[in-house]
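The first chain written gets the first letter, and so on, giving A, B, C and D; residue counts start at 1 in each chain.
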Amino acid sequence: MDGTREMKDSKQLISNIQAQYPRLSKGQKLIAQYILSNYDKVAFMTACKLGETVGVSESTVVRFANALGYSGYPKLQDALQELIKNRLTTVQRVEMANEYSDDTTILNKVLKSDIDNIRGTLEEVDEKAFEEASNKLLNARKIYILGMRSSFTVAQYLGFYLDIILDSVHIIRMDMGDAFEQIVRINENDVVVAISFPRYSKKSFEVVSYAKEKGAHVISLTDSIFAPVASIADNVLLVKSNMASFVDSLVPALSISNALIISVGMKEKEEIKEHFDDLEKIWKMYSVYE
Amino acid sequence: MDGTREMKDSKQLISNIQAQYPRLSKGQKLIAQYILSNYDKVAFMTACKLGETVGVSESTVVRFANALGYSGYPKLQDALQELIKNRLTTVQRVEMANEYSDDTTILNKVLKSDIDNIRGTLEEVDEKAFEEASNKLLNARKIYILGMRSSFTVAQYLGFYLDIILDSVHIIRMDMGDAFEQIVRINENDVVVAISFPRYSKKSFEVVSYAKEKGAHVISLTDSIFAPVASIADNVLLVKSNMASFVDSLVPALSISNALIISVGMKEKEEIKEHFDDLEKIWKMYSVYE
Amino acid sequence: MDGTREMKDSKQLISNIQAQYPRLSKGQKLIAQYILSNYDKVAFMTACKLGETVGVSESTVVRFANALGYSGYPKLQDALQELIKNRLTTVQRVEMANEYSDDTTILNKVLKSDIDNIRGTLEEVDEKAFEEASNKLLNARKIYILGMRSSFTVAQYLGFYLDIILDSVHIIRMDMGDAFEQIVRINENDVVVAISFPRYSKKSFEVVSYAKEKGAHVISLTDSIFAPVASIADNVLLVKSNMASFVDSLVPALSISNALIISVGMKEKEEIKEHFDDLEKIWKMYSVYE
Amino acid sequence: MDGTREMKDSKQLISNIQAQYPRLSKGQKLIAQYILSNYDKVAFMTACKLGETVGVSESTVVRFANALGYSGYPKLQDALQELIKNRLTTVQRVEMANEYSDDTTILNKVLKSDIDNIRGTLEEVDEKAFEEASNKLLNARKIYILGMRSSFTVAQYLGFYLDIILDSVHIIRMDMGDAFEQIVRINENDVVVAISFPRYSKKSFEVVSYAKEKGAHVISLTDSIFAPVASIADNVLLVKSNMASFVDSLVPALSISNALIISVGMKEKEEIKEHFDDLEKIWKMYSVYE
């Protein structure tokens, strides 16, 4: 599928540039350097303009795109635009949502877009990172789960279920206004799960940075290797969340959370059964459920 | 797809029985009546046992299954088991999760199962109910959003985004221990969105019942027409949440929430833009984001 | 002070009756028995009516009051009314609030009434219970803090500060609708602090009962030895909360919480210093405070 | 009482200096100017050192203290120390707590200190400000209540009870990490109640500043006219919170909250009765209370 293919390109774009770098011509190297530090501008430059800016010919720009494996400069540009999409302001994103019309169309488009998001996530996600993340969770002294704004709901979901399996879960809640106070005892036996989607909260990054500095293992559920939190995470679980609207879909982040919960759960099956055995008795005694 | 087909059957099973009822033989009518009030038992009876219990022959049972459109009694039984699956205890459900093995398999199975869940939801969901729900949200004096246990995370997600668009949103929080206190002023100009998945909370049902009695419009995101809350809802948005594990996937419920948010948002585009314009200024002034 | 004196009477009324019992006349014993199981009715009976009901003379009733140390029947009745005051419905309590008039009077009356409440609490509180409570908190594997409705705010306050000193604090939050899920792993090394004021939440009592059954040590901050939670608590910290209005003052409960925090804190001074040393550095680094 | 008297001095110290300024000698004016911008340093200087620093004689310093109404320089210094006490780091404050010894002493000292705090608050509080605050709450389109860290518990308490009386209450919760998002629609018909105690949260001040800029009426419960939030509040309700320990007592802040609740409640008595009438029925129907 084309959308997915483009996304994979965008994911690999930077490492691709770095890998090809030694083999590039002198002029192409100038382009590479410029892109690595100005990809947000390049995403909206024509080949001609980019050549002008860097001081090379337009055809050098086109050959550079080819050298990276793109059929032409427009495909490279697509990949760059994909990269920066998450940096758009929310207002710009509302403007983009014009494609939606009546409710039935919206219902169909959104659910299909979420199916694509999960499928894209499945293709992209790093299985080794997932496996390591699951094992780290299992063995952590304490698990801190962090998400801000809408990402907090995913943090709560993940925390709710992990808490059934493990006795080490702490969801970082900001309701009293301070996250640092909650992680002040964090150490190298602990794990932080940081759920971070655009627009990336500065506070989130500060908290994870502190945790990292104290030696904690950092698992990050995020949408881009360029997310601030990804740069300091030990395991990055990349999640697609595109929806061309003012809402970032957290659906695939929730689906990955399901997978983490079941993975940890399968390793602690007896614990879960015992837990639910106890709960079923309580629930029955106090008529909690219908 | 087979999984989806079976699900649709299960959905229609009850109405199917009711529709066929006049054309059934006397013996088949006895079976129909018995099933309607004892489907949870019948789901685990052989055709022979069912015949015996009702007082008809085994072949009458088989013909009854055929009359409803099933190729045989086992298919009818499948549909019944689907119906009652959500009534299983959590311990029984953990037992069912044996199919999962290594982490990569889990990752793949869970994400694919969530894709199936959304696809199934898309096939099943009532577009008219969705449209009416969206319009009711838009015009409500006050919107109360209710979810307990893991469903609370979906309530918070939906509430978080609707609150950006509308000035009428109240997420019912039980942190101080009482939901009634929060809805005591509810009236016929209000809307309740009840997110309810197995095991169905008794408290949730009590709260929605009270709201209904006070004349509020009830929108329900749930997994079954047999969910207690579905019986009193004005709009039922049916969501698949199967995962053959101790976790119910709330992924499709979140996807439907995305659709509701965008649907309401598209009708209040100017309000959103203004809202985000203001927020962007604040965020910039106080460096909230990276 | 008279108010305080009456309160002490009310506290000791029941044990007083039990202590005097052997020395009472036959007729007085009948009164004692009747009061012990019907004090809520007796509180509003005249001496004459009580005598009639029990089958003794009015003068026997008066002598009974004298035998308990009251100057007359009205004083006994006061003590009984004090006892049942917390059982009044909230509507009845709003009716009682007529004494308040202009804002300045309210301000003065309320703050003075809170001073009286703390003073009364100080006279009444069991110092041994306080000391044991403090030591149990210090040594608990896990501390669960429970309060519903307005009492939740005291639970949060106590939990916020104890969490600075100890790594074992869990505030029971009902925001996802279930308290049992949070205490399912409770055991005999754990402590529950139950903050419970009228009207006594049934849920609170169920949760504490479960904890008690599992062997946990129960500390209760409550207003009466007749509070359901007091009957199963290991340490009862009695707190005055009268305010003759629809609000129960939690001021003395907060003051007792201050005392508990400082008592535990003084035993872990090095831990607190280290904690704040770390926090001060973080706060400075991230400009959290002015 | 001496403690209270000193506190009043400290409150009036700055305005006192300003009022006396025209009548001061030239040398005394130099002292006044120096103190106004360096009171934190002066608080720990001897009269001799202060004279030296400013370039006047020690006896000029003493006469300056007399001119302000103090019996000597040490009393002026006390008042200055009172002022800066809230600026101490938490670590310094733990060091100060050495006076506490055994549990019974702690219990007595803390409760007595809270009685003094409320009494001091009662002497200090501005009755006109209280009255205006109460009326503003009564008539607000929307009431936003803000408190961070431990002050959040007072915010929740005040919000919980005001919500029983009024349909306009919104407690600002940071659990999803952003306060601005919650006040983005604030306007000149709204009221913010800001509860702010040392160490004063920067975020709190930013949020209140934004509200003020949008024309909202600001009521502040704080401990000092030097609290950042006091400088922009329309009504400052000054509260004593000294406890010479690492905990700031919020007891008097809670007592003032009680007074506000009852004041607003007395003006909406019918509303409360109706509210509780409804709730009592629900509570009975669903057996919420014992």
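Quick notes
Definition applied: a contact is a pair of C-beta atoms (placed from the backbone, for glycine too) under 8 Å apart; a residue touches a chain by one contact, two chains touch by 3 or more.
Since the model is a prediction, treat every value here as computed from it, not as a measurement.
Among the remaining chains, those touching chain A as well as chain D are B, C. Between chain A and chain B the centroid-to-centroid distance comes to 28 Å (mean Cα coordinates, whole Å). Note on chain placement: the centre of chain A and the centre of chain C lie 49 Å apart, centres being C-alpha means. The set of chain C residues touching two or more other chains comprises 149-150, 152, 156, 160, 164, 176, 178, 181, 201, 203, 279, 283, 288.
Chain contacts in this assembly form a complete graph, since each chain touches every other chain. On chain D, the positions that touch chain B within their shared complex are 156, 160, 163-164, 167, 176, 178, 180-181, 184-185, 206, 210, 275, 278-279, 282-283, 286, 288. Residues 89-91, 94-95, 97, 100-101, 103-104, 106-108, 110-112, 114-115, 118-119, 121-122, 125, 127, 130-131, 134, 149-150, 152-154, 156-157, 160-161, 164, 199-203, 205, 228, 243, 245-247, 249-252, 254-256, 258-259, 261-263, 265-266, 269, 272-273, 276-277, 279-280, 283, 287-290 of chain B are the ones that touch chain A when the two sit in their complex. Residues of chain A touching chain D in their complex: 148-150, 152, 173-178, 181, 201, 203-204.
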